[in-house]
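Report on the structure given below.
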Amino acid sequence: MTRKQKRLTLIGFAGLVLAVAVGLVLFALNDRITFFTSPTDLAQGKVKPGTRLRLGGLVEDGSIKRGDGTVVRFRVTDGVNAVPVTYTGILPDLFREGQGTVAEGMIGADGEFKADTVLAKHDENYMPKEVADALKQSGHWQEEAAKATPKK
Amino acid sequence: MIVEVGHFALVLALALALVQSVVPIWGAVRGDARAMALAGPISGGQFLFVAISFAALTWAHVVSDFSVVNVFENSHSTKPMIYKISGVWGNHEGSMLLWVAILALFGALVAWFGRNLPRTLRANVLGVQAWVAVAFYLFVLLTSNPFARFAEPPMEGRDLNPLLQDFGLAVHPPLLYLGYVGFSIAFSFAAAALIEGRIDAAWARWVRPWTLAAWVFLTLGIAMGSYWAYYELGWGGWWFWDPVENASLLPWLAGTALLHSAIVMEKRDGLKIWTILLAILAFSLSLLGTFLVRSGVLTSVHAFATDPARGVFILGILMLFVGGSLTLFAARAATLTKGGLFAPISREGSLVFNNLFLTAATATVFIGTLYPLALEAVTGGKISVGAPFFDMTFGPLMVPLLIALPVGPFLAWKRGDIAAVAQRLAVVLVLSIAATLVTWAIRGHAVLPALGVGLATWLMLGSLAEIAFRIKLFSQPAGALRRAVGLPRSAWGTMLGHFGVGVMLLGIVAESAWKIEQVLVMKPGDHVRIERFDVAFERSVPNSGPNWDEVIARFRVSDGTSNPPVIMEPSKRSYRTRSMPTTETAIETWGLFSQLYLAIGEAQGDGVAMRIYWKPLVLLIWIGTLIMSIGGVVSLTDRRLRVGAPTPRKAAAMALPAAAE
Amino acid sequence: MLIWALIAGMTAVAVSIVLVPALRRRPEASGPAEAGEMSVYRDQLAELDRDVDSGLVGAAEAEAARTEISRRLLRAGRRGPATAADGGSRFLPIAAALLLPVVAVGLYTRLGHPTMPDMPFAERKMAAPTAAPGAGQSIEDLVAKVVGHLAANPDDTKGWDLLAPTYMHLGRFELAAAAWRNAIRTGGPDERRLTELGRALTAAADDVVTPEAREAFTRAIEVAPSAVLPRFFLAAGLAQEGKKAEAVEAWRAIVAMAKGDEPWLPDAREELARAEADLTGKPYVPPVATPASPPSAAPAAPGPSAADVEAAALMSPEERAKMIATMVERLKDRLNGSGGTIDDWERLIRAEKLLGRLDDARATLDRARAALSGDAAALVRLDALTTGLKP
């Protein structure tokens, strides 16, 4: 092969790999991501039933009810609206009433959110950023509560 | 007083780093040997003082000096000693002190091993290293000072986050940092080469051992973190495509590409500019990883205490070094002599192939990790990018790379003969196809897992075959052992590294395709069958540790044979000071690589909600990464790499290579 | 001042690290005389010879490689070694060495606390006059001993019966519940074990009567139909669930069980009155004691006296609320002034939690922690009170 041919082969191949990568990324960004919503977004009907999404907020006080086996029902609230959630499985260690949580799943036609994953914060001072934002928007954010760590 | 000595030592290290960041480079520019010679002793001094500082903080943790804010926030007098020590770096301030300590250690090592580097290169490398050091000393002292004190110290500490009170997390951060920071050496060499406008094969040879060492530590660090998540979080998963995990994967991918491109540079004098760029990228991505973890800009299950002010500072450092080095790159890259182009079918061609796919994969992970952040900044929309995205993008890019992987080492430099390689690999290919078909037939006719097993077989046997052919194991078995001994260590390292990839892939395929999961509520006396095991719940018993209490659930597990049953005791632990519960899993290994995994959730009546997993061959995932790291270490002991540069004496022995052994 | 001596010593070391190489007559020769590049190529040639020698590379390939490496070697040789003048100016290194202590000491005096001594935990514990070492430790030792014994003899009913109330006392309710379950498993269900299991479960759930607790209390009544304590909890649980009418019925049934001189009767009457008020929608006034804290568990002193409670029963809701608030203030003043026992602190925090003054409760908790910092057992009980107070 001549020098020019070598160069063309290299550039052509690099271009091909790049094109495939870009194509995959674009396709996946259309298809394989989940949107984050707040209970208020759901209440306002901004989301079609059957789309996969993440729901963030606080676990409403007194809302955790256990069903048969490992079925759990609770409500996620942002202080303005609350969404009922059902989940089958084991809740994370730090899942508690009044604490921040993120549930991933789909909203059913009956308005109930069916979660297949439930996350809770990993640290007592940590709150998922989306949850903090959602709470700030609804005016339920307490600054002093966010800074529980005593400083000198 | 010890605490204050530590604090002052850290300030002194900063002062020395300031000197080191100016004087040697000034000397290199002016051709002033006296100024250049300062770099070495100062690097040593810097390390001395940071080590004093780190020892002082460790002492404060060990004796529970709660007048130190950092100790108060992360320790407790009743905490077991091992976690008092690991607690030093189990928090933000301490981990950043570890970061700078490792940076200083690497600087001192470069100064020591690099005594025979060309004078100006050594001065410039250590000077650039000091720039990085100055930035991070300032970060530690001004935003994350581990030596901050209380005027009126509390009597008791707040204890370390229970999730971090674990052996895995005691060793995970130091390994990861050794990797991250190790890439700073490659970065400093790259910046020095750009400053000098001179780069040659020797440069590649000096950089490669540092990169290789960093890569080994990073590989082990990522594997350790993954295993920790697997047994400690109680979800049974080993990789979540979590932003913080991605943050460690990004420099790993770039570093892996750098390792391979540096070979081309050393052997064929090519890919020079590209290698410089990769060195800059690998360290930039390490900085990005530090930024992502420490700033909390990304939602992550890993995001322990975070603070926006620190994030802004690290972002500043990130932009300074990435922006600065890329600007330098743009300005000076053209002055470097370019290497030649290669034939597509050749060893160097295959390494270019490797680099193309690795960097494309790096880019997809980069986009998947940062896209949500960018989208939110631009449109305010909030999305989460998880496993489905990466399965769709990263996965397909890895497949051609893995298929091509065993072929590369078979190709000759300059001009490879693909037909000859095909002939040599024919047996391996037949065996891999056989493995695919057998798996397909006995494992329920699932296509993807069968192909995965086939690919893993191809990788493992292909790496072994390369060594077998090089030592002519089959064609001339007589001298094979002698040839095997004479083979450079780096060839063995390559084989192990590639073999490890195959082992890891086999583990991943088996775990994802054939794991069994059950979530259920069990009461004392209940039995459940999973795979071939009978799991019987006996009773719950309370237990107390030094700083925690737990309720243990006792299970009796028999594997359906006459073997005596095994007792497994997962527990739900509650740490007193933070009143924070954690799940302690019980894991039992069967047949070397497969594991039965029990995790209990909350109590329900006198029963417990629990997860039982059967994880076939799951250990291979980490054993594979371990083999890869061993490959790196073996390669590192290669005579060519052992010392930064060969001494002139060795060249004299050229005529008598056997005597030089 | 030892610390200043150390600082001076360390600074001297740092300065000498910069100064000594700078003042040396001839700078240390560093770096090979020839360009490193050439030695790399020489080494590559040597490696090639070795490969040929061990039969790894064919003769023809080796020859081609040797030609290429040699060509590069020649090219590198033509470029010549990088030159650097020996010697050089001393000005910059000396200036840097002089500036170094200024920067270091200047920055340190802004950031550090040079005169502040170290305060290791062990020394402070010995020095602290209020600390009662041993008092807290002995209970922990006892627990550890019993736990160890039970691990070996899981069927020792007596051990479980001893361990469970100890856990309860330490505020580790979930462990207490597990211990009671084991006592029931080995010793069989009786009134005390079932009732205490229910109490432990209730306490673990932040004083909410959970379905599991309800089941335990119900079984206790089945075992001992005359038991009153489980009925108290069941009635309180009904009120918590919002079954107001049923709660009133339950309290009436309890009051009806009395012959007239039982110590718990006034409390039952008060609860009944409260439940009725709740049912009819009158303003709700919480009592000082928690609704779920039954007479036997009520603190002996110095809470509201029987007369206080009786007086409260006659007051209007507003007056009653005021009286409770006054009592809380009184307790608070006393504790802030002269301190008090863990029981007092605990009562104040619980009362403030019940009144919904969570910030006050948090502040009280912090003060209690400071006041009782030497008492490990008390700190554990205070930790148990933090539930519901965390932001």
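First chain written, first letter: the chains are A, B and C, and each begins at residue 1.
The definition used in the following text is that a residue touches a chain if its C-beta (ideal position, glycine included) is under 8 Å from a C-beta of that chain, and two chains touch if they have at least 3 such contacts.
For clarity, every value in this text was computed on a predicted model and none was experimentally measured.
Chain B has its Cα centroid nearest to the centroid of all protein Cα atoms in the structure. Per-pair tallies of C-beta contacts place B-C first.
Taking the mean of the C-alpha atoms as each chain's centre, subunit A and subunit C sit 28 Å apart.
Each chain gets a centre from the mean of its Cα atoms; for subunit B and subunit C, those two points are 31 Å apart.
In subunit C, the positions touching at least two other chains are 211. Multi-chain contact residues of subunit A (touching two or more other chains): 66, 124.
The multi-chain contact residues of subunit B, meaning those touching 2 or more other chains, are 149, 604. Taken together, the subunit C residues at the contact with subunit B in this complex read 2-3, 6-7, 10-11, 13-14, 17-18, 20-22, 24, 27-28, 30-47, 49-51, 53-56, 61, 64-65, 72, 76, 81-90, 92-93, 96-97, 100-101, 103-104, 107-108, 111-114, 116-122, 124-125, 128, 143-144, 147, 150-151, 154, 163, 167, 172, 174-175, 177-179, 181-182, 185, 211-212, 215, 369-370, 373-374, 379-380, 383-384, 386-387.
Across the interface of their complex, subunit B is touched by residues 1, 3, 6-7, 9-10, 13-14, 17-18, 20-21, 24-25, 27-29, 31-37, 54, 66, 69-70, 88-91, 93-94, 104, 119, 122-126, 128-130, 133, 149, 151-152 of subunit A.
Residues 69, 73, 148-151, 161, 163, 234, 296, 298-299, 301-306, 341-344, 352-353, 356-357, 360-361, 363-364, 367-368, 371, 381-386, 388-389, 391-393, 396-397, 519-521, 572, 578, 580-583, 599, 601-602, 604, 609-611 of subunit B touch subunit A in their complex.
If you check the complex, the residues on subunit B that touch subunit C are 1-5, 7-9, 11-12, 14-16, 18-19, 22-23, 26-27, 30-38, 40-42, 44-45, 48-49, 52, 60, 63-67, 77, 115-122, 141, 145, 147, 149, 153-156, 198, 200-202, 205-206, 266-267, 269, 412-414, 470-472, 479, 482-483, 486-488, 524, 539-544, 549, 551, 574, 576-577, 579, 603-606, 640, 645-648, 650-651, 653-654, 657-658, 660.
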